[in-house]
Amino acid sequence: MNLLLKEIRDSPMLWLLAAVPVVFAAAILVPEAHTALFILSVLAIVPLAGLLSHATESVAAKTGDAAGGLLNATLGNLTELVIALAALRAGEYTLVKASIAGAIVTNTLFMLGASFLLGGLKYHFQEFNRASARLQSGLLFLATIALLMPSAVAGADSTSAAAAAQKLSLGLAVLLMAGYGLGLLFTLRTHREIFAGADHTQTGEVPWPIGLALATLAGVTVLVALVSEIFVESVQKAAQAFGMTPAFVGFIVVALVGGAAEMASAFSAARKNRLDLSVGIALGSASQIALFVAPVLVLLSYLIGPSPMDLQFWPGAVVMVLLATVTAMFVTNSGRSAWFVGVLALMVYMIFAMTLYVLPPAMR
Amino acid sequence: MNLLLKEIRDSPMLWLLAAVPVVFAAAILVPEAHTALFILSVLAIVPLAGLLSHATESVAAKTGDAAGGLLNATLGNLTELVIALAALRAGEYTLVKASIAGAIVTNTLFMLGASFLLGGLKYHFQEFNRASARLQSGLLFLATIALLMPSAVAGADSTSAAAAAQKLSLGLAVLLMAGYGLGLLFTLRTHREIFAGADHTQTGEVPWPIGLALATLAGVTVLVALVSEIFVESVQKAAQAFGMTPAFVGFIVVALVGGAAEMASAFSAARKNRLDLSVGIALGSASQIALFVAPVLVLLSYLIGPSPMDLQFWPGAVVMVLLATVTAMFVTNSGRSAWFVGVLALMVYMIFAMTLYVLPPAMR
Amino acid sequence: MNLLLKEIRDSPMLWLLAAVPVVFAAAILVPEAHTALFILSVLAIVPLAGLLSHATESVAAKTGDAAGGLLNATLGNLTELVIALAALRAGEYTLVKASIAGAIVTNTLFMLGASFLLGGLKYHFQEFNRASARLQSGLLFLATIALLMPSAVAGADSTSAAAAAQKLSLGLAVLLMAGYGLGLLFTLRTHREIFAGADHTQTGEVPWPIGLALATLAGVTVLVALVSEIFVESVQKAAQAFGMTPAFVGFIVVALVGGAAEMASAFSAARKNRLDLSVGIALGSASQIALFVAPVLVLLSYLIGPSPMDLQFWPGAVVMVLLATVTAMFVTNSGRSAWFVGVLALMVYMIFAMTLYVLPPAMR
């Protein structure tokens, strides 16, 4: 417990934890103050995500290579998963899908691009493990193709097309999870020697004792889930107050909030010239959302959602995911980076953000 | 003749030749038993394709490098060509086009992916000639762009658009064949030193004497043509009986049947760590179908079809061909493979197969 | 002045300057002879573009590295810019957009492909600077994504969609210019050591004295502007007389005329085995048009056009620009070229030209 308090004292971001009780109090006292609730819930989620991430890594560090890798691979995007579950339970499928696509695009372009830029401003050139980047890009490309297909099938807009898209989505969800599992087998077992250096767990932070880590993991997950409920309820109305389109909110705002903790790790690694780690966090997180979180949400929608969710995304979102994946393939292809490579990825992200910002409401 | 009998005795696949007389008898006695005729014709085509392939290679081996390469390059997909001609004569243009697109996708994803996987299960890493893979991918990419354009032009759905698409298809057919010819000049003549190792003819089988090879080539082609007639007539109705969509049959079933012999060679080469050969067969076959077989079918449709055939494909098929080509570029880019690379290509193929399987009938 | 006369005497292309007074006389005497005016204006623009290019490089050579690079980077496509401005003033926005997209595609596929082919017919293999080709491809890819988005937004065809597309285009124009500026900072300043050899200014021609160069720059720009007015007025009607579609004229004819001078330099460098220079001219020019000329035209349309111009292109044009960019990425990826690589790029160009040639008028 002292360790946890020390961690909070040392890390300025964790001072934001003060927002957690405030947001709960506000949700009860002023449930209609959507803009305030939105800002408070964002301020509360960011430090909770940071704690969650540290706790996961601490448990992973104790359980050894393969099990730890597996744990990181499944719980690494717990924050995104919990936020999406809150939206799923509320039947906000458009928001769930926008946040999935947005998280893939944000991790692939913003987290990767900003890592390249921040690292590149300090170092003339930086090297990283190409094999790892290629594998993650390949998994992302697979997921992108899977997201493309249901939109193609459902083009006809008839009832039989919708049923076909739903059946296909279920099959694709199982296939993507199988692909993700085989990818873990490849990177953690059969060919792990070529992925050395891209290991998630080497963040350099001191791991917590296992008891503290497990307790934090459980407690903080509950807190994130509770704050997410408030976040999901307030985000759309707050967005209107700020003049943002729903697409912009789902794609950009939710993705930046959900990924804040990982971004902090990725950027700090880039500044320490450990670009392997930055690339691993950015692309690994994107492929995890595409091949693990999204399928899990489809399967869970049969249990907890008002109706089954399919994988049929807004065509514009699919195009953005596809272009983000191709951009990631392109910028990581040489295994070497300089500041301008980061600028390129960030500019693609800005083009998407600008497009979503001006999108007429009729188009989602 | 003894050699031919010995070949049949040694190769278990050739025992299937017994299906050839049975399918002819069945076609006369029970012409309405579509499902049985379909299964029998598949069983008959597979070993015939194997004989055809061996005969072509034997002739090629005798006629020396350049002429042999040319022969392999034109007759290498004789089975696919003969099946497509049977469909062309029957005016089944949708089936012809589906089988062309399906053969490209199946060779690029399934044959290549399964070769990588089968080889990768035995060897930790396998190397292959990048230059050859890059050239074939480039040819495939060219063909994909050519297939994209008529769909774009004909989008307007008017009579003038259809006429424009027809005129364009004729021009594209000539251009693709010219591209294919120049590609052969490049690989067999001017720059053949960089394509060493990816040679089709080195399958390690004992070549037959030229007389036997030529006689087999002629006789078996006639048999394949006759069985194909039965296959084309029965395939759609049999598919209904199995609950398959016509798109699934054309794309997946016909392509797997037509390419069975080459797949056997490619997989066996991969298991012998001769991945150059596997990649050469898979991508060479795909680019041959796209740049030689498809244009030949367009030109022949003016002579033997009920009306001229254009190159305007169902947009979904064009997207799949494009994604298959990009996948091939991606997985062959490094010149090195491991089992998971094969899994990636196979999973893309499975996504396409699943999509075609659930496709509502209205969408083709 | 003697130098200028000597230049004209030595270079056969410059004899075409005789067409300049003829086209002005003809425009006054026979203003209705559109076909003759079109041919004369083409004959007049080509040598003027050559002089403009030499003058720009002479000024650049005198002003030192960074300033010279900047000058070349902004004035290198002065001919294209002046022609487009003439079309902009006439309110011919479809022609302006077609000429922008056409110039990108023509430089990327025709200029690059013909350089590879011409060089490859003389040398077995040629090497070039991959880093430079990768950077230019990356910039082109960024611009392609920017061109894709307004078409996506404006898909709805409503008034609010058009307003959104216009607002977005303005933002994208600023973003692309910023990207272009940062790209120059990267190549001319912070990382110039890796771009050695791809320098535009080393064309091997003797630079003119600064006074002559500046005077030529000013005088010839005025002449190009005047001839462009005649060209823009006559081109569409002349095209009808030749049986060409407007899309073909804007995309192919205008682009070939506007880029003639640069093509001469790129081809001559390829024949001298200085492929770095050819690739730099071809891709550098394409990215300059996409990231500098196009945004400048959008911004200038607010000042001199009848109404603001957006970046919403005909979807077919966007697809062609995207495929041209991917082709450029693919053919320059290995840093090595042979004749067939050029054939591949030229064939993609021919597919586009054929498509535009048969395009039904209804589709633009």
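Per-chain numbering from 1; labels A, B and C assigned in written order.
Here is the rule we use: a residue touches a chain if its C-beta (ideal position, glycine included) is under 8 Å from a C-beta of that chain, and two chains touch if they have at least 3 such contacts.
The structure presented is a predicted model; accordingly, all values stated were derived computationally and were not measured.
Asker: At the interface of chain A with chain C, does the proportion of residue numbers present on both copies reach over half, so same, or stay under half, so different?
Answerer: Interface between chain A and chain C is built from largely different residues.
Asker: Given a C-alpha superposition of chain A onto chain B, how large is the rotation in degrees, taken in steps of 5?
Answerer: Chain A sits rotated relative to chain B by 120 degrees.
Asker: Indicate the whole-number Å distance between the mean C-alpha point of chain A and the mean C-alpha point of chain C.
Answerer: So the centre of chain A lies 41 Å away from the centre of chain C.
Asker: Provide the list of chain C residues touching at least two other chains, using ranges where the numbers run on.
Answerer: Not one residue in chain C touches at least two other chains.
Asker: Flag every residue of chain A that touches chain B in the complex, lowest number first.
Answerer: Within the complex, chain A touches chain B at residues 134-135, 137-139, 141-142, 145-146, 148-149, 152-153, 155-156, 158, 160-161, 164, 167-168, 171-172, 175, 178-179, 182-183, 186, 190-191, 329.
Asker: Quick one: in the complex, what on chain C touches chain B?
Answerer: Touch residues, chain C against chain B: 124, 316, 319, 323, 326-327, 330-331, 334, 338-341, 343-344, 347-348, 350-352, 354-355, 358-360, 362-363.
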